[in-house]
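One chain, chain A, appears in both complexes that follow, with chain B as partner in the first and chain C in the second.
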Partner chain A sequence: MARRKFDSKALAKGLFSILVFLVLWEIGSRSKTWITAEAFSGFREALGALGFNKNYLPWVGAIPAPSEVVVAWGKVIVDPGYWQSWWMSGARVGGGFFAAMLVGIPFGLALAVSRTAHGIGFPVFELLRPIPPLAWVPASIIFWPTQELSIAFVTFLGAFYTIVINVVGGARSIDVRYFQAAQSMGSSKADIFRRVILPGTLPSIVVGSAVGMGITWEVVVAAEMISGGGSQSGGTSGGGLGFFIWNSYVGGSYEQIVVGMISIGIAGFISSELLRHFGKYITPWLRLR
Partner chain B sequence: MSGQPGKLPGGAPTRGAIRIEDVVKIYDPGGASVMAVDHCNLDIAAGEICMIVGPSGCGKTTLLNAIAGFHEITSGRITLDGEVLCSTERPKSTPGSDRVVVFQNGALFPWKTNLDNVAFGPIMQGKLSKAEAREKALSMMADAGLNGVEHNFPGEVSSGVRRRIEIVRALMNDPKVLLLDEPYRALDSLTKSVMHEALLEIYYKNKVTIFFITHDLEEAIFLGHKVAIMTSRPCKPKKILTVDIPHPRDYGVLTSKRFRELIEETNEAVHEEAVKAFQSGEKEG
Partner chain C sequence: MPTQDKQPVSPDILLGILKATMPFQVVSDAMLRRIAAISWKVSYRAGDTLYEAGGPADDLYIVVSGKIDHELAPGVNARRPMKTLGEGDVFGWAALLEKVPNRLAKAVCTEDALVIRINGEELLKTFESDPDAGDVVMSRFATMITRDYTVPDLIAQLRGIHRKLHARDAQGMNVTLYRVSRWLKSPRPYLMLLGLSIFFGCWYLAVEVFKLPRFREMPGITTVVTEWLNPNPVFGLSLYTEEYYKHIAVSVWRVTQAFLLATALGVPLGLFLGWSKGVKDYLFPIFEMLRPIPILAWVPIAIVMFVATESAVIFLTFLASFFATALNTMLGVESIDESYTRAANCLGASKSQVFFHVIVPGALPFVFTGLQISVGVSWFSLVAAEMVSGQYGLGYVINTSYTMVRYPTIIIGMITLGAVGYVTSAMVRVAGDYMMQWRVRELALGAR
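The block that comes next holds the complex of A and B.
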């Protein structure tokens, strides 16, 4: 099977682009030290005229520099509370996501295959789907016994709709030729489901899961911020990464906000990469193009 | 006559005779009914290659779908070796492995390797175990010159190879009839010529009845024992030509005098229908 060769040039370009980004961020963030220089007096006047603070660059000047973030990260990294935040968010995302797969895939397949199931299930599904998962936060706190379950439920919703929609769409877009070919070669209905509908829907399941996973991370962070992260003890411990960010904001530790943001970025990246590899593994016929 | 299947090496085929009697197909009989097939009669002998030629959209595929059991007929009767497939009383035949279809755009399952595609039918029918089916598939693919692509996915091989694999997959079911719906439509003419010879080679080994839809007259006369030129919608045979060029044939036939004569004889009938189809298409548009 033809694999793409490892491209060292592309890697070099990618690293260079990240480096440039970090340098610009560092310079911009440290603008309060250099903007007072005589050479920039005209520029400062212009900033003032536009309604910005004259003492640093707008936006980027207000956030901590990468070097400060790295220092803060170095402190946080030895704090078990930080890792517990990773673990809690990860567990919520994982739990909600797998529950969404477990329920969403069979539900989507049923909607796609059975006219009765579609007639009964789809209207309700379409009625609930436009409600954003975050709008469910208060309601789910009321009707789930623990805060943990209510957050997991909201993350579940985030992935569920996307997975179902993709499964239904995928199963329905399978070309009728495949059904006819299977039929004319003597396949039973169960065979057709197992050997045509399931593998034919798999690529859409993979796509739906990847999108769903992204939404799950968005939702979990917001849910943790709103609900206080289920943390009883306060501080940085135990509330998940969303709560970690919120708590850093409340505590005035701006470097830690950025640490939390990047942490979530990394977590999302890792989970979608894992999913992508798994997706490639279960749909080997798509690897060749 | 030398064009008859009885003259083929290995004795006369005894199965796969199709008789189409007075078949009518009207789409949407309740509303604005469109007659796709109009009292169509056609006899195809066991082991015969029957080519159905007609302009695009004339209703050829409707006939094929009726034989395969994908669609209903409105009235008439189609029999296979004397057994009724479908009739006015029972308008839809049951799809079965005695009549396997090779589709216009190909229907190899993209998620199965070529080998597993070929082995699919006998496993489904419970005729062979998975291992036995694979073994048979390997040897049939080797017979058809399809070495080295067994473990690839269909998406990894050329469309010509895919078409050959699909025909082998159909033959794995030991069908009485092979239903081919413009299988080489999307291929370039050079690949097509290779495909034609490969198909004939497979045919000489298996001598299965072939119901082959095409709009390419040269292809039809080169391959067929019989060529049915269909009228444009509604579809029925306008002219049935027996090709008296002896089988086995090879590409030398294309430059022979008799081949050119047959083309000349039929060209006008085909062209007339093409013009009709084109004009009615313009009206509809």
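The block that comes next holds the complex of A and C.
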């Protein structure tokens, strides 16, 4: 895998295809201007006959072109409000995610270790799990005193289920022979927990956290959109990236929507990568495989 | 013909012997007593032939004392045909194989021996009355045939019995009842009840009895249930209103469309991404560039792109499922052992044959994992899409109930959403298990 990263041919191919993608996108979204040419009148009629808007290519024509997005980004990048949105979303994701780890890992371990805890806790957990986190948004707005807390709660839920499921699954999949070996060599229960269960579950905790982090970003965006930013100050600044997107939509600056989308993509990517590297660092024995 | 004196054995002695014998160790005492009832004790002298290859395969033998030479016939393809058996060994398992009416080996007594004989037919009948225990014993026989007698080919015959037992298993109402009664005897249902009652009790007490701060504003459990079961609901939505089912139907229909579209596009894309390095080199970077963008960030752009809100909602629901399906399918193809493809190529398979007979079935387990994730994710994004835009649907119910201060309806919407989502993912799981029975069977035998 490591060698493939420096495969310059694959890199060139990838860059080439991204370039083609961008060019097609540019052409497509600029269709508003070129489609008016005389040569395309038949094409316009065909679009109209299919039920599409005659003035631009379907779908892609409605999206701002990459060049416009870059220009808009250049304007926004010097705006402190934009960076404030990064910070707010990041803080919410971080808060909800760490709360989920803090509650989810001990809860998952308890379910995995004790049969009684599993019997009592798991059915309730399974009862609540199919409800999508976003369906909790209104209920959590009613319940929590500030909007900030309600967004954090929904974010927490998004990561919590994944982390718990992964911890339980990871502990369950530990080879029984490890327990038997530890027991026959006279380990105490605490030793087994510390030396067998914990390191055995760590890889799944890492995987669960990485997946949970992705979901957290999804949820935070939605929660910010639905609850209207979560900031009392309002305006373009201070509401997080989800609100940045929503606000750009309401304000009609479509280029900024795409800027926001890409920013969230980058933010999510960075946080997952950080988590993955940290995971590799704390599970050094997996590197040998 | 060997000299033999066939005599019944006292059940208690037999119980001890059976308990010490490998395949019967885990069987319950009651069942062992029934097996004891169909067993005989027989003694042989050194030089006696117990049976010849080709003779009728009727009984199963357990050595109590003495030595028996067991030689599998050349046609059986055993890796080590010769074996000397001593105390506690089991042989004559041809009696338990399907489609093998005759002995596969020759058994000769080399040292005065005492053996227990159990009739194979009777034994199988005993197992059928308790398929759970029977299964365990049969799978131990499977282990024995591969490991001790080194004839893995014959597993197929035993597997037939496995399936036969399973088929009966599914038909028998008795078995279901038996499972239920065993489940009721375990602590699980009571713990479950305890857990659920703690949960609902806390809800009830916190909201309606003690009226704790913050909980006071939440709808209580009795309010929700009475509203839900009310023919004339206060807030306009209950089990008796037509609208309730309309919302469910709209949501389900949207998810179905998005899911089918995502499967139809995502599975082929994933297969090609995993199969061809060229396709992957070109397309995967774009895929990976778009994937980290949360689906919800697409909401405004989807509204701009599609004139109709309905198609925007479906597009958003589709997008999440599509990424999950395509990615899992690709991982599935990459997980296939390369030696399968090489073997197929060596045997002269064409590219399309490799694709349809190696790649597609090999990726299937991952595809179904992907589809399960995809259903869950599609409900997730459907709710968001419906909350932000769109009319009808369960997400819409939850959101409008909030803005119109119909709090119990929010909870009804949430519960319904959870139930419907659970049913749909269970359907996908069942479909997956059904289509991949070969894999389920492989996993069941994987323990050997």
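Here is the rule we go by: the second predicted complex is superposed on the first by the 282 of 289 C-alpha atoms of A that agree within 3 Å, B and C clash if a C-alpha of one lies under 4 Å from a C-alpha of the other, contacts with A are read in each partner's own complex, and residues count from 1 in each chain.
Here is the rule we go by: contacts are C-beta pairs under 8 Å (C-beta built on N, C-alpha and C of every residue); 3 or more make two chains touch, one makes a residue touch a chain.
Remember, predicted model here, so these are calculated numbers, not experimental data.
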{"item": "Clash or fit, chain B versus chain C on superposed chain A", "value": "clash"}
{"item": "Which superposed partner A:Ser187 touches (first chain B, second chain C, both, neither)", "value": "first"}
{"item": "Which of chain B and chain C A:Tyr178 touches, first, second, both or neither", "value": "first"}
{"item": "First (chain B), second (chain C), both or neither touched by A:Trp285", "value": "first"}
{"item": "Which of chain B and chain C A:Leu111 touches, first, second, both or neither", "value": "neither"}
{"item": "First, second, both or neither for A:Pro199, with chain B first and chain C second", "value": "first"}
{"item": "Superposed model, chain A: greater residue contact from chain B or chain C", "value": "C"}
{"item": "Partner chain(s) touched by A:Val93 [first = chain B, second = chain C, both, neither]", "value": "neither"}
{"item": "Which of chain B and chain C A:Val168 touches, first, second, both or neither", "value": "neither"}
{"item": "First, second, both or neither for A:Pro132, with chain B first and chain C second", "value": "second"}
{"item": "Footprint overlap on chain A, where chain B in one structure and chain C in the other make contact", "value": "none"}
{"item": "Residues on chain A engaged by chain B in the complex (per definition of touch)", "value": "1, 175, 177-178, 180-188, 191, 195-196, 199-200, 202, 283-285, 288-289"}
{"item": "In the complex with chain A, residue positions of chain C that touch it", "value": "187-188, 190-192, 194-196, 198-199, 214-215, 217-218, 278, 281-286, 289-290, 292-301, 303-307, 379-380, 383-384, 387-388, 394-395, 398-399, 401-402, 407, 410-411, 413-415, 417-419, 421-422, 425"}
{"item": "Of chain B, residues touching chain A in the complex", "value": "68-70, 95-97, 99-101, 103, 105-107, 109-112, 120-121, 124-125, 153-156, 169, 173"}
{"item": "Chain C-facing residues of chain A, complex", "value": "9-10, 13-18, 21, 53, 59-60, 62-63, 115-116, 118-124, 127-139, 141-145, 214, 217-218, 221-222, 225-226, 241-242, 245-246, 248-249, 254, 257-258, 260-262, 264-266, 268-269, 272"}
